[in-house]
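My structure is below; once you've seen it, I'll send some questions.
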Amino acid sequence: MKVKVSRKAHFNAAHRLYRPDWDDSKNAAVFGKCNNPNFHGHNYELVVSVFGEIDDETGFVMDMKVLKDLIKDKIEDALDHKNLNLEVPEFKNLNPTAENIAVVIWNKLRPHIEVSKELEVVLYETPRNFVTYSG
Amino acid sequence: MKVKVSRKAHFNAAHRLYRPDWDDSKNAAVFGKCNNPNFHGHNYELVVSVFGEIDDETGFVMDMKVLKDLIKDKIEDALDHKNLNLEVPEFKNLNPTAENIAVVIWNKLRPHIEVSKELEVVLYETPRNFVTYSG
Amino acid sequence: MKVKVSRKAHFNAAHRLYRPDWDDSKNAAVFGKCNNPNFHGHNYELVVSVFGEIDDETGFVMDMKVLKDLIKDKIEDALDHKNLNLEVPEFKNLNPTAENIAVVIWNKLRPHIEVSKELEVVLYETPRNFVTYSG
Amino acid sequence: MKVKVSRKAHFNAAHRLYRPDWDDSKNAAVFGKCNNPNFHGHNYELVVSVFGEIDDETGFVMDMKVLKDLIKDKIEDALDHKNLNLEVPEFKNLNPTAENIAVVIWNKLRPHIEVSKELEVVLYETPRNFVTYSG
Amino acid sequence: MKVKVSRKAHFNAAHRLYRPDWDDSKNAAVFGKCNNPNFHGHNYELVVSVFGEIDDETGFVMDMKVLKDLIKDKIEDALDHKNLNLEVPEFKNLNPTAENIAVVIWNKLRPHIEVSKELEVVLYETPRNFVTYSG
Amino acid sequence: MKVKVSRKAHFNAAHRLYRPDWDDSKNAAVFGKCNNPNFHGHNYELVVSVFGEIDDETGFVMDMKVLKDLIKDKIEDALDHKNLNLEVPEFKNLNPTAENIAVVIWNKLRPHIEVSKELEVVLYETPRNFVTYSG
C-alpha cells in the first residue's frame, strides 16, 4: 500500500526577478514590479510530500518528525530570512522565480529521501500563486 | 524540468440545478434545495494550473501576470456577479453543476494556453465541495 | 470569569442590492454589479459569539451543541439555499447588504440567548468582505 | 469527460502510536511523544474524492449529498469522538498512524463507490501533517 | 500608540468532559459524546495577544521571538501530546472545557507579561469552535 | 445600528529591522535574523475595518468598493513590491516593525474615512504573527 505523506513548512525571504545579461529595460518589460532593484519579499509556504510503501513495522511511509527536521536542516536554515539573489549560492546564476526555487528545494532534498520513494514539492509564493515540482 | 504553476481567482454567481425537460417533482427529487426556482448562489474559488517546461530565459512556465489577466478576461468577466442559468450562454442547455462549470471554464481557457502545456481547473463551489478537471 | 464562545456556520444564498423606490439608473450607479436584476450569490460564513460567565457546574458559557442547533434552527433553515430578496420576509423592504443581513441574524438569535449574555455576529459575504454586529 | 469531485468532512479522536509486541523503550524511541500511554488527540480533517465520468442526465459525477451522507454514515459515525486504539476494531492490531487511518477509511468507503469510479482519501492529522491514499 | 501583537501556536491533546461528582447518566446527558471515558482529542490552535505601548527604541510592543518562546515554554511543553484530564495538574479538579483551558492558559502566561500590558487568549478547539478570554 | 465592515487586501515587500544609531552588534542582538542587511520579505495581509452607523438609504456603513479602491490607492500602490526601508518615506527614520507599519497604514487611511467613523487596521506579517491598531 503506497501512501503520500506531506509536511508543511515556511520561510521568509527577499528576492528580485532579474537577468544580469539583459539590460534594464528588458528586465523591466519582462519582470515588471518583481524586477525592483531594491528587492521585495514573500512568506514562502512549502509542502513537501514523500510517496512510497507503508512500513509494516511502524505504519509510517516516513517518520514526520524526521521529515520535519530534514526540511528545517536543508531548506529553512538555507533560505529563511535570506536575500535569495545575494545570499543563496544556487541563485547566483539562476533567476529566483517560484518555479526555479521549487526545483532548487527538490534538488536539495532528493539525496536525503530513500531512492524507492518519490518526492514532490509545492511552493506558495503568495496565497494566490503557487508551483508544484515532482522531479 | 516540468513544473505546474497555479493561480487562484474567484467569482460570485447565482444558479439553480434544473433540467427543463424534467417535471418539477423529478427536478426536486434529484436536485433538492439546489433546485430552488428563485436561485441561490456561491462564492466560487478557482485554481487554474498550467503544467509545462520552465522557459530557460525567464524561469517561468507561464508568466503569472499573463495567467492572472487571462483568467480575469475569459472567466471573471464572463461569470462574476452573473446568474449562470440566465446570463451565461454555455449554460443555456447545460445544468450548471460544479462539474459542468469546471468543464466550461477549462474549455474557455484551453485555446489561450500553449498547446505544449497541460491545463487543470479546480473549482470550489463551497469551502467543503470542489471539483477538478484536466481535460 | 467571562469568556466569549464562538461557533462557525454557513449558508448559501442569492441576492441583489436594490431599492424599489429608486429608478434603475440610480440603483445601477450606487450598487454596480451587485444590482444585477437576475441576482448573484454567496457562500455566507457566519461566526456567532456569546459572551458571559462560565457556569461553575458545566464549565460552559453556553453549550456549543445548543448554540450549533440554535444557529441551524433559526438561521440556516431560514436562509440557506434561499433568494434573500424574494423568499426571506425580513428583506421584503430591506436591502440585503452584508450589514443588514448581520443585523437580521442578530435580531433572530437575540431572543434565544440568555439576557445576561452578550451576542456578536460576524458575517463573511466573501473571504475578503465581512461585517461585525454586536447590537 | 472525467472529473474529480471532492467533499470535506472532519472528526475528532484520541489515539496513541504503539506496538504491543515492542517493549516500552522501543515504542518510546520510535514513536516519541505520540506514544504517550494516556493518549493524545487530533481534529482530523478529511477530503474524499471520487473520479469518474459526468452523468449526462444530472451533470454529477456523484451527488455531493449522497457522498456527504456516506462519509457521515461510514466514517464520522465510526470514528468521531472515539479512542481509535480502544474503540475502533480496525485498529485492534493496527497502529493508528495517519497512513493507516487513511487506508482504513479508503477500505470502508470503497465498497460503496461505483466500481467504474476511482476513490482518493486525503487525511489531515494536523494542519501541517497530512497523507493521501488512492488504493 | 497602543497596538495589539498576536502570535499563533498549537498543541494536540486528549481530553474528556466529565465531573467525578456526577453519576454516569448525568455526565452523559450534559456532555454527550465529549464524555467518552476513553477520551477523544483535538488539535488546539492558540492565538496569544499582548496589548500595550510601542517601545520607542525597538518599535516592538513585545518581541515576537520572546512571545513565541514563552508560549513554547509555558503552554506547549505543558499541554502538547498530553491527556489533559490525567496529566495536567490544573485539570485535576477542573473540567477541561475550551473555556476552562483558555482561562488556565491565560493564568499561566499572565505572570510573564509586563503588568502594564493586557493579555488575550483565543483557543480554537476545532476550526468551528473557539473561545476568547481576556482576564 | 453600528456595524463594523472589514476588507482584506495584501501586498509584498522587503524590509529589515535596524536602527542606524545603534552599532551592528546591538542591532543583531535585538533584531536577530530580521536585521539581515540584505533584507528579507513578507506577504503582508491587511484587514481594514470601518465602524459606524448603517446608512438608511444604501444599507452600507461604507461602500466596500470605495474601501477596496481606497486601500489600493493609498496602501497597495505605496507599499506593494517595495523595499520598505529604502523606498517608503515614512520608514526613512522609523523601524519597519509590524507595529510601526500598522500605524503608518492607519495614518495614511484615517484622513480619507469619515470623521464619525472608527478605523481599525490588522496587519499579518506572517500567518502566525499579526498586529492590530485602532488609533
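Letters A, B, C, D, E and F mark the chains in the order given here, with residues in each chain numbered from 1 onward.
Convention: a contact is a pair of C-beta atoms (placed from the backbone, for glycine too) under 8 Å apart; a residue touches a chain by one contact, two chains touch by 3 or more.
Being a predicted model, the structure only gives us computed values, none of them experimental.
The minimum number of touch steps linking chain A to chain C comes to 2. Chains touching both chain D and chain E: none.
Just to note, of C-E and A-F, the chains joined by more C-beta pairs in contact are A-F.
Of all residue numbers used where chain E meets chain F, under half belong to both copies. The two sides are thus made of different residues.
The angle needed to superpose chain A on chain D by their Cα atoms is 120 degrees, rounded to the nearest 5. Note on chain placement: the centre of chain A and the centre of chain E lie 33 Å apart, centres being C-alpha means.
Centre-to-centre separation between chain A and chain B, using Cα means, comes to 29 Å.
Residue numbers of chain A whose C-beta contacts span two or more other chains: 127.
Chain pairs that touch one another, listed by label: A-B, A-D, A-F, B-C, B-D, C-E, C-F, D-E, E-F.
Those residues of chain C whose C-beta lies close enough to touch chain F in the complex are 17, 19, 30, 32, 94-100, 102-103, 127-133.
Contact residues on chain E toward chain D in their complex (touch as defined above): 10, 12-15, 33-34, 36, 38-43, 45, 80-83, 86-87, 126-127. Listed in rising order, the residues of chain D touching chain B in the complex are 1-9, 49, 54, 57-61, 63-65.
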